[in-house]
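Should a chain be cited, it is by its letter among A, B, C and D, assigned in written order, with residues numbered from 1 in that chain.
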Amino acid sequence: MVLSEPRAMAKHIEPGMRVALPVDYAGVSMAMTRPIIEHGAGDLDLVCVPTGGLQVDQLVGAGLVRTVETSAVSLGEAGGAPRFNAAVKDGAVRLKDATCPAIHAGLMAAQKGSPFMPLRGLIGTDLLRHRDDWRVIDNPLADGGDPIVLIPAIKPDVTIFHVPIADRFGNVWIGRRRELAAMAYASRTVLVTVERIVEESLLADEMSAAGVLPALYVTAVARAPKGAWPYGLWGEYPADSAEIARYAKAARTTDGFSAYMAQAQMEPA
Amino acid sequence: MAEVLPREVLICTIARLLDGVRHVAVGASSPIPAAGAMLLRAMKEAGGAVGPRISILGSVEHNFFTNGSAELFDCAGQGRIDAFFLGGGQIDGFGNVNLVGAGDYPRSSVRWPGSFGSAYLYFVVPRVILFREEHTPRVFVEKVDFISAPGVSPEGVFRSGGPVALLTGKGLFRFDKTRPGFELESVHPGHDLAEIKQATGFRFEHDAAPQQTALPDRATLDLLRGRVFDELAETYPEFAAQMRRDLGTVDA
Amino acid sequence: MVLSEPRAMAKHIEPGMRVALPVDYAGVSMAMTRPIIEHGAGDLDLVCVPTGGLQVDQLVGAGLVRTVETSAVSLGEAGGAPRFNAAVKDGAVRLKDATCPAIHAGLMAAQKGSPFMPLRGLIGTDLLRHRDDWRVIDNPLADGGDPIVLIPAIKPDVTIFHVPIADRFGNVWIGRRRELAAMAYASRTVLVTVERIVEESLLADEMSAAGVLPALYVTAVARAPKGAWPYGLWGEYPADSAEIARYAKAARTTDGFSAYMAQAQMEPA
Amino acid sequence: MAEVLPREVLICTIARLLDGVRHVAVGASSPIPAAGAMLLRAMKEAGGAVGPRISILGSVEHNFFTNGSAELFDCAGQGRIDAFFLGGGQIDGFGNVNLVGAGDYPRSSVRWPGSFGSAYLYFVVPRVILFREEHTPRVFVEKVDFISAPGVSPEGVFRSGGPVALLTGKGLFRFDKTRPGFELESVHPGHDLAEIKQATGFRFEHDAAPQQTALPDRATLDLLRGRVFDELAETYPEFAAQMRRDLGTVDA
């Protein structure tokens, strides 16, 4: 684990990489969004775990995204994701529409070192019809018939998220947001921003250890206070829905998006 | 009989549709389904029985899960979730749901957020209630443009769940998976069959003179306007406040 | 969730049930062992997650066990499991020899509501040769060949374990022993003994919530101080290796085993 | 040259076999492999390099895992564990390991605990070191009675790991998976080829006059007897104390 800062961490991202990002409420590292855009590596294949929002919309708006694998993209109460929706209409991004448990299944396959995981449901959906990487087989443990879908392993090159605490050994506290661990297990590189860094090991007592993603899986950590803003961070601060709405309105046009993104990154103190 | 708001009719209808469930999951931006579940819980507990467990997704306070966002789906796969709600940009007469977009996929002319967990939950949650207040032909179409989740599955496909009812701002339909299709069960106060036919893009069965949706009795209404709106205010403060403002108008 | 006590909880166990028990160091509810034996429901199919020890040996010694699915059974430093080994030699229990990740895979399949999970390894072992419930298929996502084993879902009727804390709502704190959650997810009935029961909800703060198995999965909880003894309990007390050795010596014979089991259950104060 | 205990030779040999690994997992009751890993870490760090990460299974203090007992296997499946140790009630000349029992399965005349994770880890950990101090014909057999984990796999079977060496109380063998079979690489001080042949139930390749196992230099020995035994004492207090007692005898 390397103690780093967001701009330096963004350099881990290379053109064409597969990048996993968490759902709005799990701990989105908004603090990494502008450094990633400044760094400029494009043709990214995003994996939303299992849905995307502001960060995905901004990366799409910045022209860095080739494909989006997701169960949904939206700004929640603030409505549809404007740059994403425009890119869909223009055909500027390729869609890999999924359903939440299929994203989880693909990551679980990678976590387990397995080539695939089976998943119930899906049969008869247009999601399945458009996914040539998913495969339907007859359940080999049934007496015949019983079709079931196999989801191939999702192995991101990079996972990026934001959580409250890291210790100086590189252990990060993810609490009950265990999809963050699943993403990390499946990924080669894991970049984490945190509210604060503590001296004592988070593994030193069982109460804090229970919510830890061990340093073994963490490539670099950077301090970024209010790093999820304008999203909230569980146990720390609520979402700033006025700011998300402000973005939603601004980003209806490319010019409005550019003007918004040109502003200072952080919330005024 | 006290005057009852249209949304109170919806909430009480949902409570009826949920009767008997042990565990219901509700989306974070679904105050009406949540209110229905909370009302059922309040009614059960008022009668000395055990109410259903209610999981509100995405809520920090009502998040009983500790294994990340996969737990809801695992929980459903284990058969531990009895009821769930689905909306949809389009819903058709076969119970198919479209959460992805209108027009030709993938370059949809209108893109909605996406399928979320519907392509799984619709298969494994026994009692899925389709709920959409807007009752128009653009929502209730003959055939959806994209199947996020199908209403029925062929023989031999594993399916322990599916739609049981469709509740709209105008009426309540039951889903018959053998036909498959919808049957109008009741019409909400202030609406009628002709209006519903005009607003619905798919064919459905109905009585010549459909009954009116049952209205809550005084005790139920008191529970709803008291305990349930208090509980609701914790998670959906704006919705609860709006309901109380609307009730103020009624009372005035 | 019902607040109960060990004897009452043992009544959940019916003849022929499949019962999952945790590994030595994860939190074995030794406090339930004698109540289960007194209750007397037999023909049990034990699933050791992923290995077994003292409790398994005692249930086998009491004649309650029909099959043992496990990756290993031993008393650790105190040597082989005497009643288990005798029952193996006599053919008194049927073995379903496994390997640790296969047990985890079977539980994961049940957790996911899937009929099976794939698992690498195993091909060419005599474990696989003796397991007619495991199936080898060619990986459908490969271009041909690439055999892989499918492990069917393991769905225990009952899971039994011991942890430090429950709250009065039935939430139990499993810390980082997440195999206990996996067992519970997969099981119909979950019986938990605990060192202590607290008033405040363990879900009320994110630090303790991270290590919680929610009440949703818990059938009954009973207070049983030092309930893992002579095993240790993480963060609470170490194993009593002298007592385990005393058992190992006593249980070499059926008479010695009977005499040992006839003694008082708990450690003298 | 200082006098070197037989177990110090084993520990130093293990440190050599582990050179280059980033992460090694060691069983909770395996003090000699753990000492070898700790010695390598100490040597690397003394040279200003980064030592390997060491996971000691079942230890509370050295447990860097937080996802239960499945995490080790997940971690190995992800390719994050470079080296692991396996013993065995029987090991044969093809690298097959038996941890289940001697005699006809399932009613083994001698039952050992069981296969643990071997049937998976042997396939996916690149550098598996077979380690068994007891070097007798009952351990090193021509053919194991039960294959817990096979030494080699047919073409086309997914296998990213397997045995690289066999270390015993008498000598060190390299495993050649192409033949497949063992080749005697070196003989520990105080032992010879004839004795090893007699004690080994399988055939193996060897030079006419095999070399002696390399002994540690002074600096290595100082690290081992200082820092490493201190570290070792935290997890394996009895073993560390015994080693120091034995060294006391040597010094005297």
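The rule is short, and it goes like this: a residue touches a chain if its C-beta (ideal position, glycine included) is under 8 Å from a C-beta of that chain, and two chains touch if they have at least 3 such contacts.
Bear in mind the structure is a predicted one, so any value in this text is a computation, not a measurement.
Visitor: Which of these, B-C, C-D or A-B, makes the same contacts as A-D in over half of the contact pairs?
Guide: More than half of the contact pairs of A-D reappear in B-C.
Visitor: Would you mind pulling out the distance in Å between where the CA atoms of subunit C average out and where those of subunit D do?
Guide: 29
Visitor: Cα centroid separation between subunit A and subunit C, in whole Å?
Guide: Centre-to-centre distance between subunit A and subunit C: 36 Å.
Visitor: How big is the gap, in whole Å, between where the Cα atoms of subunit B centre and where those of subunit C centre?
Guide: Here the centre of subunit C sits 40 Å away from the centre of subunit B.
Visitor: Could you list the positions in subunit A whose residues touch two or more of the other chains?
Guide: Those would be 101, 108, 112-114, 119-120, 146, 148, 176, 181, 209-212, 234-235.
Visitor: Residues touching two or more other chains, restricted to subunit B: which are they?
Guide: 63, 65-67, 77, 124
Visitor: When you check every pair of chains, which ones turn out to touch?
Guide: Touching chain pairs, listed by label, are A-B, A-C, A-D, B-C, C-D.
Visitor: Per the contact definition, I'd like the list of subunit C residues that touch subunit A in the complex.
Guide: Of all residues in subunit C, those touching subunit A are 105, 108, 112-120, 135, 137, 139-142, 146, 148, 150, 152, 173-176, 205-212, 234-235.
Visitor: Considering only the defined contacts, which subunit A positions touch subunit D in the complex?
Guide: Residues of subunit A touching subunit D: 110-114, 181, 185-186, 203, 209-217.
Visitor: Tell me, which parts of subunit B touch subunit C in their complex?
Guide: Going through subunit B, the ones touching subunit C are 23, 53, 63-67, 74-80, 124.
Visitor: Would you pull the subunit D residues touching subunit C in the complex into a rising list?
Guide: Spelled out, the residues of subunit D in touch with subunit C are 29, 58, 60, 63, 65-70, 73, 77, 99-101, 105-109, 111-124, 146-150, 153-154, 156-158.
Visitor: In the complex of these two chains, what residues of subunit C are touching subunit D?
Guide: 23, 25-26, 49-51, 70-74, 76-77, 80-81, 84-85, 88-91, 94-95, 97-102, 104, 108, 119-128, 130, 145-148, 176-182, 234-235
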